[in-house]
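Pasting the structures in now, so scroll down.
Both of the next two complexes hold chain A, though its partner changes from chain B to chain C.
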Partner chain A sequence: MGTAPTLAVWKFASCDGCQLSLLDCEDELLAIAGRIRIAHFPEASRATVEGPYDVSLVEGSVTTPGDVARIHRIREQSRLLVAIGACATAGGIQALRNFADADQFRSVVYARPEYLSTLDTSTPASAHVPVDLELHGCPIDRRQLVDTLTALLAGRKPDLPGHSVCFECKARGTTCITVARGVPCLGPVTRAGCGALCPAYGRGCFGCFGPAAVTNTPALVDRLRELDMTETDIGRVFRTFNVLAFAGGGDDPSQ
Partner chain B sequence: MTHRSDRSLSVAGLARVEGEGAMHVRVDGATVTDVRLEIYEPPRFFEALLVGRGYTEVPDITARVCGICPVAYQMSACAAVEDACQSTVDGTLADLRRLLYCGEWIESHALHIYLLHAPDFLGYPGAVELARDHRPVVERGLSIKKAGNELLTLLGGRAIHPVNVKVGGFYRVPAREELRRLVTPLRRARDDALSTVEWVAGFEYPDFAHDHELLALVEPGRYAIETGTPTTDRGLTFAVRAFEEHVIEEQVPHSTALHATLAGRGRYLTGPTARYTLNHRWLSPLAREAARSAGLGTGCRNPFRSIVVRAVELVYACDEALRLIDGYEPPAAAAVEVPPRAGVGYGATEAPRGVLFHRYRLAADGTVDSARIVPPTAQNQACIEDDLRRFVAARLDLSDERLTYECEQAIRNYDPCISCATHFLDLHVARTVQ
Partner chain C sequence: MSTLLRSLGPLVRALHGQGYRVVGPTVRDGAIVLAELDRADALPYGWGVEAAPGRYRLHRRADAAAFGHAAGPQSWKAFLHPPRSPQWTADRTADGFTVTEAPPDSTRYAFLGVRGCDLRAIAVQDRVLGGADGGYARRRRELFIVAVSCTEPADTCFCASTGCGPAAGPGYDLGLTELVDGDRVRYLVEVGTPAGLELLTQLPTEPAPVDLVEEAAAAVAAAATKMSRALPEGDLRDLLAGSHDAARWDDVAARCLSCGNCTMVCPTCFCTTVEDVTDVAGEHAERWLRWDSCFDLDFSYLHGGPVRTSTRSRYRQWLTHKLGTWHDQFGESGCVGCGRCIAWCPVGIDITEETRALVTEAEEA
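Now for the complex of A and B:
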């Protein structure tokens, strides 16, 4: 056990769902815990081991001055830093504040905003430190997490897709809901990884894995308009869980 | 007595809770002078970012408040939005919502019992360490949790932030055969849940009782999950739409969550022990018998024994899920139409950790004009601090290390979800301050 690689799990502004994905690996959890030394995972254990760590999983976005310093300390202590989920890779839904008046946001929710110490922006880990790997999704996909940990244990590069959800619909055998039923869907511009869940449930993809590596968003937006989506609805669907990632591409749909 | 006259206990980062919190206790002589459950989870301002969004987006957006209980957020959000639109979802669609919610109770309670809470009673820092000595026990817990997640995955598309819930019902409803496939794992989970009750009933519990007023939803005839009327054990009952008249929240400097009290009455407790105390007569016969054999009686005021109540609710949630699956016939449509309408809507459901209240004001086109969310942990914060104060006062002869550890356990009794508790606040207070 002395040579087992060490794993640390860190939380920033988030819902806990991505680190819960690790505890949701019911069949694999104890096997993983037998191969990796879980050195720092406060949600699961009081026991904590000092760094450095071989792998750090970082959940959540950076939203406070203290967390800016903390992400740097974690980077210094981690051989590999893996950002997990839409908050850590794209600032999450709380990055909507980046486009609003932050003071107003604070005062809508808190009577005494002066008690709070928050930044005006919610940003991904990569805005502050170099990140070695990013697992996308709101939440991340559990199988992708297990595959990534397995790959890192074996010393190989994890197989993380850059292609779109459309490929996964084909692989799953789901008839295209846009073509067959006229349901608006972000699948053509959204990164694969979920297994094309929403179309299998008769629902258009809403982009929770963020943009694929190569996209033609203007063409999709034209198609969404043809399917009677209003400009308001188009703006909203791109500005939700991955607002910074969709806005950051060269083809910002809101332009 | 050898202890110092002035002691200060701190846990900078509480372990095995959902989210980021700390605890500070100050003792002067034989008096506990200060107890603070400090919540420093950074706020995410959900109530602000919901303003201007479409009413159909609310269930998906509010699910992101909590990865542990996203269904609770979706269900309270749907109830409130449908109330604002004066629509009703009933019959089989309501049954499917209750079934989905059972999945979340099973998943969340199994998580708390086995991975977060039980290690305290058995002297382990966490479940992975517990598994080194008691692997079959931890595997049983993971197997129950998996059954809950299988139910969530089938009905919701995925366990965390399900994609299949919408205002009005679902995007797709399962075929009868699909649900039947869950019968075997759920039956196994129900057996394992019965073993869980027996297991936790054998733990040693500190002799401790609180006197908090208990608040839960109550719906005569069945154990409250996704519907019911807010009711306390001291005779207070009010409609969901009157929630904000009775529950007052205020911001305190040491917390990004709020302290809630009942107007003119004081602190109150919500969650499994309150739910059990107010609803136990509506448990299924199997769950009621399990409660009886575990010695629960007609109420539970020892927060350490909340683990027994969660185990009984685990039996009930499996039993109820099996009952709903047995009677299931697919409805004609997966959802009812819910046209937008200007108005205010209110919703409350029983999240695994207690009453979760939502209120939305919608414009005529369905745009959200204002939002308010009151999660269980914010409501329980004052009770947790009161417990700590009394708990510490009775144990001043313990070493700092031991006392700190026991205080941590006293906090974990409540399964606090700090991710949920943060970022909510009462607009009334905002006005009085200015």
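Now for the complex of A and C:
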């Protein structure tokens, strides 16, 4: 085998939770660190190696003019660019600003808004540059992250299903909480990958992995209404982690 | 000749004594699920179920029946054809790699409480998965089946129209009918196989009085008349083959979520995909088989992209295979009338209603 492949981890507008998921892979991380060279990962180490990089993990959304320039630079220097988390794949919670007046936020939140250089929108990496792989979730699932890194090392396809959370609910033997208890759940329109965590603990899926490869959100919304969810709550649940993605709809591309 | 059993305790103990892992219905998380039972007390005595499209609720019964309920959220395929099963592993060696087949699963299951619909569903999956000497065939060979005829179908059941129930059989080792009288439950036992007879001889039984035999037969026969749903009888191949361009597919596609729940709960759906796992060190690889569904966009992924991109085409594929081309492939229907896909569809899409709508559309054409 030649020299170890290099991995860089980049942060944009985000809470760092996804990078922490990487640090959280304690057992695997030692083994991963033995097979790749971590070239840039400020959460873990100050040492930085110049590009190009074999794999770049990008966390966070693009929210400033500086971010736009930086995501292009990262793309140029990376063989594979992997967007991780709801921010990098869908703009994150901060994409709520896309539906509001950013100037107003600026003037309310900051004492000297004129020092601020920010865009009116929060957008995913894919809105600016081609992205090779996307790991969804808020935060990402550490099992999926490790699987993706090992897949890239082995040269195989990572296991990133596009189907609904319901698949994973059934596979782990969870009784559907919508059918058996009338609990509203976004599982049928949400991308799998979390292992159907929330329904297993009796709570409805709130869509943190964003839309599945195909969704029929209007039909689910009708059902949520039948389950006595208010219009406000319905609006809110779709506008939490993946507001842009659900708003854009992942509906059938064609017949 | 019929035999009477006054309690299921000795039956469960005898099965354990023969080394079986006994799986049967039990109450968990607001449903009657199938799980390993360590004793007969774990059966859902006194629990009933109310099922409707997209809805399932447990309730307390006035009597102590253990089988006063219809199909729950899982089917027995979760055990015979589990959601994820190992195929083989590969390990790097000095001059290449070695491949090792997954060790044979030596689990010996005894299923307690298999209904007529599910007994037929097991036979349907046998034709699909039982041929090769894989894990399914091994588990199936070892399986002991205690069937229970139905006396109280759910609102979602329609096995009478598919010819699979409410009487269970053939295919069981022992067949029971539950006779309930308030807090007293007794079981009429029929023997299906020599293994069943051998087990029965270990149990404290008594000959069944004729009036009880007649009572049981009448209760099972009455169950058939209690079903409000039905599939059009017979072979639906022509209907489905002629419905390729039906407008009804657009109608159902507007409601269907493509979530895949119907195929996961269906006791005959068998499709799988493979999942490859590698370790970080690059020394070890594993291949697993896991459930897949024709509602998954990637399921029809061929070179360049998926073939069935619309929900219309995916739902049509599901129904056409289940009721139509299943006959061409396996010589029977893929639907046994258990009603699970109706109850466990989050939006309550009803296979009998969709089929009836296709019949109407074909008649009007």
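Quick notes on this one:
Just so it is clear, the second predicted complex is superposed on the first by the 247 of 255 C-alpha atoms of A that agree within 3 Å, B and C clash if a C-alpha of one lies under 4 Å from a C-alpha of the other, contacts with A are read in each partner's own complex, and residues count from 1 in each chain.
Basically, a residue touches a chain if its C-beta (ideal position, glycine included) is under 8 Å from a C-beta of that chain, and two chains touch if they have at least 3 such contacts.
All of these numbers come straight from a predicted model, not from anything done at the bench.
Taken together through their common chain A, the two structures put chain B and chain C side by side without a clash. Look at A:12: by the touch rule set out above, it reaches chain B but stays clear of chain C. Contacts of A:163 after superposition on the shared chain: chain C is touched, whereas chain B is not. Within the superposed three-chain model, A:242 lies out of touch with both chain B and chain C [touch as defined at top]. Of the two partner chains placed around the shared chain by superposition, neither chain B nor chain C is touched by A:89.
Between chain B and chain C, more residues of chain A are touched by B. When the two complexes are overlaid on their common chain A, residue A:215 makes contact with chain C while staying clear of chain B.
After overlaying the two complexes on the shared chain, residue contacts for A:56 are found with neither chain B nor chain C. In the superposition on chain A, A:147 makes contact with chain C only, while chain B stays out of contact range.
Within the superposed three-chain model, A:46 lies in touch with chain B and out of touch with chain C [touch as defined at top]. This overlay, made by fitting chain A, leaves chain B and chain C with a least C-alpha separation of 12 Å. Common to the chain B-facing and chain C-facing surfaces of chain A are residues 202.
Considering their complex, residues 28, 31-32, 34-35, 146-147, 149-151, 153-154, 156-157, 159, 161-164, 166-167, 170-176, 178-182, 185, 187-189, 202, 212-216, 219-220, 222-223, 252-255 of chain A touch chain C. Partner chain A is touched in their complex by these residues of chain C: 28-31, 33, 54-58, 73-74, 78, 83-84, 253-261, 264-265, 275-282, 285, 290-291, 293, 295-298, 309-313, 343-344, 346-347. For chain B in complex with chain A, the touching residues are 13-20, 41-49, 51, 53-54, 57, 60-61, 64-68, 70, 111, 115, 119, 125-129, 131, 135, 138-139, 142-143, 145-146, 149, 157-161, 163-164, 166, 171-172, 250-251, 253, 256, 334, 408, 417, 419, 423-427, 429-430, 432-433. Residues of chain A that touch chain B in their complex: 11-21, 23-24, 26-27, 29-30, 33, 38, 41-48, 63-64, 67, 92-94, 96-97, 100, 104-112, 115-116, 118, 122, 138-139, 194, 197-198, 200-203, 206, 208, 232-233, 236, 240-241.
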